[in-house]
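The structures come next, written out as structure tokens.
Below, chain A partners chain B and then partners chain C, in two separate complexes.
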Partner chain A sequence: MLTPKRRRRERRTAFLMIAPFLSIFIAFFLYPTFSVIALSFTDAPLIGKGEWIGLGNYAKLLNDRLFYTSLWNNFYFVLLTVIPTTVIALLIALAVSKLKGRMQALVLTLFFLPFVLPVSVVTMIWAWMLDFQFGILQPVIAAITGKPVPVFMNPYWVMPMIAVVTIWWTNGFNVLLLIAGLRNIPADLYEAAALDGATAWQRFRRVTWPLLWPVIALVLTLQLILQLKIFDQVYLLSNGGPFNRSYVVLMQIYREAFQLNHGGYASAIAMVLFLFIVVLSVLQFQLLRMGGRK
Partner chain B sequence: MEDMGVHLQGVQKSFGPMKVIRGVDMEIRRGEFAVFVGPSGCGKSTLLRMVAGLEDTTDGKIHIGEREVTDEDPADRGVAMVFQSYALYPHLSVFENMAFSLRLAKRPKAEVTKKVQEAAAILQLTDHLEKKPSQLSGGQRQRVAIGRAIVRAPEVFLFDEPLSNLDAELRVQMRLELARLHKALGATMIYVTHDQVEAMTLADKIFVLQGGYVQQSGAPLDLYDDPSNRFVAGFIGSPSMNFFAATVTARTAGGITAQLDGQGDQSFDVALENPPAEGAKITIGIRPEHLSLTDGPGLRVAVDVAEELGGMSYQHGTLEGGEPVIFQQSGARHDMGGTTQTVTPEGGRIFVFDEEDKRIR
Partner chain C sequence: MITIKQARNIAFTTLVLIAAAIWIFPLYWALTTSLRSENRIVADAGWLIDELNFAAFVEILKNSKLPVWYLNSVGTSLIITAVVLLTGMMCAYALSQLRFPGRRLLYLVVVGSFMVPVPALYVAQFVLMNDLGLVNTWWGIILPQLIVPVVIIVYKQFFDAIPKEMREAVVLDGGGDFALLFKLYLPLNWGITAALGIITFISAWNNFFWPFLVVTSEGMMTIPVGITQVTDSFGVAYARMMALALLAAAPVIIGYLIFQKRVTEAVMISAGVKG
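Up next, the complex of A and B:
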């Protein structure tokens, strides 16, 4: 049992230790969050006071066609990225885990390298590679479709191409998570399975998959949250076009807030996106966990 | 040949330039309980994994029954293995763990249930079939791992240090259960351990491995009574044998007279069929249980630590020259710590080794 005096002293130390984090968290996260919530009920510009208009912004949002377009594009983008990137990362992780020692480290580094690049460099690289006139990937596209395609100006190509860029950029991180998960599966389970007569597919299906499932669920959830927040790649590659076919929710928030000076309305959109992300990710994680337990 | 269980011929294993198994021949008869024993790093686990097919065989041949299996897949060898870590699938219930091999082979449901229930009954796991491995105690997990092997009804059971993760009491209990299981199933079993007590109590035949070779093989008591070199003599028996450097001072009618180096007047007559020449350097080995107190002349041991086990006590001490000695006393409370005692070996229980540590008989 701790004496009251000692317990008080420990509490003071504990508080002192978390104080730096707590103060920054309050100043730069909690306070702005509550400000945005408050702002979303007003018609305030970005800077300065506004009138309280209750749910006016939210009512306006319900009739905003661009909002529905952006929301749909967000979901389309999630569809194009979350599961594909997880599947690709899993395949790469399984292949890399077959390699040994330094070779494994080298290959892993190569796959991780794009993740280190800043988004502007990534989009620059791909904008050049896919450039309509000079892009080295245009012959490939021409070979498949018969003619070169200005991908970021084509309403059908723009979202899938941004998805490709995004997967290329962020995949290394997922590979890393899955490799860590694979390393956690004891080798003797595979040996026991081999002695029991399991084929390579059966070993994957009955040992690897169920034991890796928690990590796969984590990757899927992290990806869902990350990809719902898509902004940078769209802003830099297509700026939402053509015909708003790559216009996403964060882009609309950005435009309303910083270009049209509609602070209140932008806050309302942000709140809706925030709720979407929370509900979807919690729902998904719970569903995935249930799937794993079965 | 018909009662052949496992047969190894000139088996070798290298990892890159490292030779781990340097040429092993062994014959294990069908239904025999064979134990590989040796210090860590002696290659005993590697040898077992080669029999299982989990390690490639660099050279030599492995037969299980009549079949040569040197290049067969593990699954086709008719062996089942119990791992040191048990290697239970954490996401599957006890039932599914034991049924795993049958499920892979897509056996009919009724057969799976019957076989698993039978194995569970033998191992007293019937009440635990729905549990996950994490809900079981160490001993129960061990039994599930054995159950998984039983369900497959293999020709040969392989055990890789299966008891080393259990506490001492449970280890003794599981040791007994394994011995009973072997009697009940009558299958060939190969068991790897570094614990010579496990080896002595379980084995029909012990293989003492060291440095990639079989140093000696045979029934437990044959190894105890008649070790063929100093390593086996020191490894089998607990506490281990005392060794003293000595010199042959004379050849007698039926053997030699040997004098302990640095002990002045201490000399022993040892009966030998092939006595070494006079003046030869030898090592004398005497087991702790064959040293008894004497009032006459003998080895003077300054006892510093006495291990009192109740029915038995081990007196640890040194000779005048500083050589360590252990001798055994039956009963307890001898209060010998700090005293000097005189002990003498029982006649006929002195082993002699040459300078290459080979036994001189």
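Up next, the complex of A and C:
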């Protein structure tokens, strides 16, 4: 049994142990979270005090056409990345898991490596690959469209190409998760299926897919959250252009806060983005879980 | 004799290797470009590395602030990693082993903070850094990056797996919890500590958006932010651009190749937690 003295000592120790994290957490996470909420109801500039204007920023947001453009671009980008990257990662994971030993390690390394690169390195390399004059991929583009295209300055190409770059950069993470999931499927299930004379497709459909589904759902959810937060690649490759065709929500937050000095309005946009991410990810995760049960 | 099955295996492996080679081609192409003279690059010189011209690398190391950016990146990333691990393991130990009021609430708040998209806080965090006078300093770069809830959750899971009797025996003998954490729980979990450390370091090293906002002078930039400045001042100089990209990426690439297993492990564990 714990004596009151020992219980007090345990509490004191616990307090000392959580204090460093808790104080950092409160100062640099909780406090900013509440101040974003508070700022979103004011007309504050980035630096300095503002007046309370109630729901003024949110009302303004409803009539801001640029905001609808950036929201649409975010959803378009999600469409271009989330499911494609999951499918590609699944194909790679299935292929890699068939290989053995060193060959498997080598191939996995090659597919995973881009994930550890800083974003600006990724965008520099791809800007060079797709360079209008000397890019090594321009002949490929010319073969499809008949002429070279300055992809990041073209309203139709800009988002799909940023999606390609993003998938190349982040796909390794998904491959790893799916391989981990595949390894957790008991081998005797495949043996039993093979004994029953199941074809490769049947084994995938009846064994791999249902057992891997929780991991696929996880990948889809994490990707959705990640891709809704896109900023870096867009800023570095096209800076929101051309004609706002790659203008995304975080880009608008950045411009409003740091270039137009509208701290309050930027905070209101941040709140809406926050709500979108929470609602969509909860919704998607529930949907995917239901999909798995059937 | 090669059977049909072996032939199919070889064909399959070859196919996957080709796919992997295509996947990594952008990095190979960056290397090829960086080793050529600017004149040959625009003269369409083919796909093979047939020239070992290090002029671009020398030029970058001599005429850019790259060494300073390395220093800033190494310094801030190391401090972030050390503080995140230390505060994370202590907090996780308390959550896992000690009874205190508010324990459940604290754990819920830590788990719940996953949901908050950090960039949405950048405006408020910038204002805070400005109030504290930390804009354009190392601490300005570091402080908002110190909150990594995954570390706490992973440590807690691993500490939970250690039998409770261990702690009770040591505490009955008069041993303190701090000694217990650093002399027993930490050594038992070096593997996971290394894995968490590496992944924290890589994400701090690669963070672009926050340092980009809080840094205002070239001398204070980290690698991912700094190299975008050089690109602007170069104009058209492909070899130098690719040499710059590769020099900027070298530490993480080398680090990944050395600690590959740990990185893989860390990614899998932290993602398992997020689910």
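In this section, the second predicted complex is superposed on the first by the 276 of 294 C-alpha atoms of A that agree within 3 Å, B and C clash if a C-alpha of one lies under 4 Å from a C-alpha of the other, contacts with A are read in each partner's own complex, and residues count from 1 in each chain.
Definition applied: contacts are C-beta pairs under 8 Å (C-beta built on N, C-alpha and C of every residue); 3 or more make two chains touch, one makes a residue touch a chain.
Only a predicted model underlies this, so the values are computations on that prediction, with no experimental measurement involved.
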| item | value |
| --- | --- |
| Partner chain in contact with A:V207 - chain B first, chain C second, else both or neither | first |
| When both partners are placed on the shared chain, which of chain B and chain C touches more of chain A | C |
| First (chain B), second (chain C), both or neither touched by A:K229 | second |
| First, second, both or neither for A:P32, with chain B first and chain C second | second |
| Partner chain(s) touched by A:G197 [first = chain B, second = chain C, both, neither] | first |
| First, second, both or neither for A:N184, with chain B first and chain C second | neither |
| Which superposed partner A:Q286 touches (first chain B, second chain C, both, neither) | neither |
| Which of chain B and chain C A:N239 touches, first, second, both or neither | neither |
| Chain A positions touched by chain B in one structure and by chain C in the second | none |
| Chain A residues touching chain B - in the complex, by the definition given at the top | 186, 188-189, 191-198, 202, 206-207, 210-211 |
| Interfacial residue positions of chain A with respect to chain C in the complex | 7, 10-11, 13-15, 17-18, 20-22, 24-25, 27-29, 31-33, 35-36, 39, 46-47, 92, 95-96, 98-99, 103, 105-114, 116-121, 124-126, 128-129, 131, 133-134, 136, 168, 173, 176-177, 180, 214-215, 218, 221-222, 225, 228-229, 231-232, 236, 250, 253-254, 257-258, 263, 266-267, 270-271, 273-274, 277-278, 281 |
| Complex contact set, residues of chain B against chain A | 52-54, 73-75, 79-81, 83, 85, 87, 89-91, 100-101, 104-105, 148, 152 |
| Chain C to chain A touching residues, read off their complex | 12-13, 16-17, 19-21, 23-24, 26-27, 29-30, 33, 41-42, 44, 83, 86-88, 90-91, 93-95, 98-101, 103, 106, 109-110, 113, 115-117, 119-128, 130, 143-144, 146-147, 152, 176-178, 181, 202, 205-206, 208-209, 213, 223-225, 227-228, 231, 238, 241-242, 244-246, 248-249, 252-253, 255-257, 260, 263-264, 267-268, 271-272, 274-275 |
